[in-house]
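Shared chain: chain A. Partners: chain B in the first complex, chain C in the second.
== the complex of A and B ==
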């Protein structure tokens, strides 16, 4: 009796173990197949990498030493990058306000309008800023203005998305209080919504400013202004020592802005 | 008056009440008995499914948006959780009570007229925390926060004050001092006051008139002297326990 009981358990659990192993084997095989498919698709192979390695090092060699005197010459481009980011963030922050309010279910009671605002917000974020920039360059011409507009669209979407989510988690007790004193919608927003949401809004705006600084360094690659323009020109003209300087300056710029912005955001909490 | 919530829950069932000017009415009942709904029908934060609410002959139930806001402007409301903007200054919270008197554009810019600021300060003085005007609301104790709530209601220069479980988040001594403030204001200004409470002893101590609700229906209406243990057992639908009393008298 005991032995038959034991064997029945053993055969049952053995079947389960076999099934689990089979499942794991199939999943592993599928994942490997996807990797191989992707690698073949882009022509990735280790032999090529090893063969190109000397070329890479010679390029790196030609970048050194960086052309330090070039640093001063690119100052205007650095400033343009910062200006693009500042304007794009500020305008994006303004545009994000109405969308934030419409996309917060606890402020906007109109369900269809709420869904439209949410969909719009998500839609504008599905397109990367470089793609916006390329389209705008084609539409309104080369330059920093096209790049700035591209970042405005992107900033609006990100700030609205993050802030509306914070807003939906806010204490709605004060909303009830403003309704009870006879306040209208605008007064509700001014007295109960803004004071509660201002820290998150400012924090997210600074965060988007950091992202915009980073994004505006590559806008030049598609002809939309900023320091990226210098990088592309240097590479196109094989001035690798100038390119090296540009990359270092970009790195420094992003690092400094990140540091300052992070410190500021810490103080908001 | 009847209130049926979406989902079919009947919160108030064919209630008929007349509250007299200047009365201090305490509504008692278990949670879910319809106390909050009754209070919110007065300023129409909840709209009755059928029936009417009249204040001084004005039909609140049929009032349009603009008229309703004007009516609400003269009805102060005090909440269990205070409903203050915690990050805002105390004075700012009290000024919220002036919103229906101040033009919207001024409120939007945060430019409250000097006279309204004076009223807000005076209201803080009446509840004894004028020195806290320039402090953030979340820096105050629970009792002080509820006083800010009372000051906000007073700043409306209200005819009626509705207080929904105003002491439920406070400790017993603070509860009594807040109730004494409400009673004093009721007596000094003649403001009709309706308070929801679930503590029997407090109701008896402060009320001019007690209204008992049970499952949305009126089961008692009389003075504290008319009440007895049996009356409260009828309201609560069960025996009265120590938890139904706050204790720690003033």
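== the complex of A and C ==
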């Protein structure tokens, strides 16, 4: 009796081990198949990679030493980068307000409109900022304005997404109280929604500002203004030492903005 | 339901109002300064938004005759992201352990590797793209290398944090049983970190797919190349088709990758 019990456990656990090994084997085979398919599709092979690698490093090496005197000349571009980010964040924050309200199920009772707002936010965020920027450069023309609009679209989507999620999680007690005393939608928004959501809305806006600063440094690579324009020109003219200075300045700018923005966000919370 | 400020001294309320007004004023001044710098006023903004409307209108209906070409280019972008992320995961493997403080690497080495990772993260991906296109020629290989090298910065940082948070129990058990360093590494450390390494790589893959669509704008293969060409000639229906494919592909991959990450955790 005890022996038969023991063997049945053993065979059971053995079957489990076999099943697990089989599953792991299948997963591994699928992963390898996907990898081989991808590598063959784009003609990837290690020999080619290694053959050209010295050229890549020699290009990188030509960036050294950075041309320090170039640092001051790019100050206007640095300022433009900051201005693009500030403006895009501010306008995006304004645009995000109606979408936030529509995309919060506890404020907007109209189900179809709610779903449209949610879908719109997700749609906006699937397209990278730089694609927006290059499309707008083609449509509006070269320069900071196209880049700024690209970041507005992106910021609107992200701020609305994050804020509407916070809004859906707030205390609905005040909502019911305002309904009970006969308040209308606008009064509900002013008295119950805004006071509860303002801190997280401001926090997300600052967070998006940090993202926008980063994005705004590379907009110029597709012709949409800011310090990336200087970087693109330096690279196109093979002035790699100037490019190195530009990258270092960009790095410094991002670090400073992150620091300031983090401090501000800490004060909000 | 007392309004905030009720029941406090009136000077408190006045101070609060002054602070709010002050903050709003500062924000308005900064925004106005930026608006002048970028040369944006309400009129131009209105016209810009009108242009967006016209562009979107021009994209519809998306060009169906370029559907096949756009799908093929998107597949190439996905392949670039897959191979690039894999290259990055392989390159990151040794770095992850060298950048972790708890595995006996000398402090100077840990510090140096961490700074190296920071430097890579600070480098814009498109610049890597431009350099790799310059050295490898235009095409997907340049994209793979740009993604592969640039992802090392973030993956190395995240993976080092995973290594630093491992459970020391299994290590001590194996050491007590007389295992050597290689055995400890293979049987106590690797099994703990590999599933989490895979999860971070999948997360990075989601970001890399977006990057792979953009890298084509500097000639590094994928759907960005189609966008670049059709934008040069303002062929909006082709742009529309390419964007449509990007949206669908990114959405599908995001959901599948998020599902896989959940399964691993």
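What we mean here is this: the second predicted complex is superposed on the first by the 249 of 269 C-alpha atoms of A that agree within 3 Å, B and C clash if a C-alpha of one lies under 4 Å from a C-alpha of the other, contacts with A are read in each partner's own complex, and residues count from 1 in each chain.
Here is the rule we use: contacts are C-beta pairs under 8 Å (C-beta built on N, C-alpha and C of every residue); 3 or more make two chains touch, one makes a residue touch a chain.
Everything numeric here is computed off the predicted structure, so don't read it as measured data.
After superposition on the shared chain, which partner residues are touched by A:196: those of chain B (first), chain C (second), both, or neither?
In the superposition, A:196 contacts chain B only.
For A:177, using the defined touch cut-off, is the partner it touches chain B, chain C, both, or neither? Pick first, second, both or neither.
both
Of chain B and chain C, which one touches more residues of chain A?
On the superposition, C touches more of the residues of chain A.
Applying the touch criterion given at the start, work out whether A:186 contacts chain B, chain C, both or neither, answering first, second, both or neither.
first
For A:225, select first, second, both or neither according to whether it touches chain B, chain C, the two together, or no partner.
In the superposed model, A:225 contacts chain C only, not chain B.
After superposition on the shared chain, which partner residues are touched by A:109: those of chain B (first), chain C (second), both, or neither?
A:109 contacts neither chain B nor chain C.
From the superposed pair, tell me which chain A residues show up as contacts to chain B and also as contacts to chain C.
174, 177, 195.
Note which residues of chain A are touching chain B in the complex, please.
Counting only chain A, the residues touching chain B are 171, 173-174, 176-184, 186-187, 190-192, 195-196, 198-199.
Looking at the complex, which residues from chain A come into contact with chain C?
34-35, 37-39, 41-44, 48-49, 52-53, 55-56, 59-60, 79-80, 82-84, 86-87, 90-91, 122-123, 126-128, 130-131, 134-140, 144-145, 148-149, 153, 174, 177, 195, 217-218, 221-222, 225, 228, 231, 235, 243, 247, 250-251, 254
Would you mind writing out the residues of chain B in touch with chain A in their complex?
43, 45, 68-73, 75-77, 79, 81-88, 92, 96-97, 99-100, 104, 107-108, 110, 152, 156
If we count contacts the way the header does, which residues on chain C are in touch with chain A in the complex?
The touching residues are 1, 4, 27, 30-31, 33-35, 37-40, 44-45, 48-49, 51-52, 54-55, 75-76, 78-80, 82-83, 86, 122-124, 126-127, 130-132, 134-136, 139-141, 144-145, 210-211, 213-214, 217-218, 221, 224, 227-228, 231-232, 234, 239, 243, 246-247, 250-251, 254.
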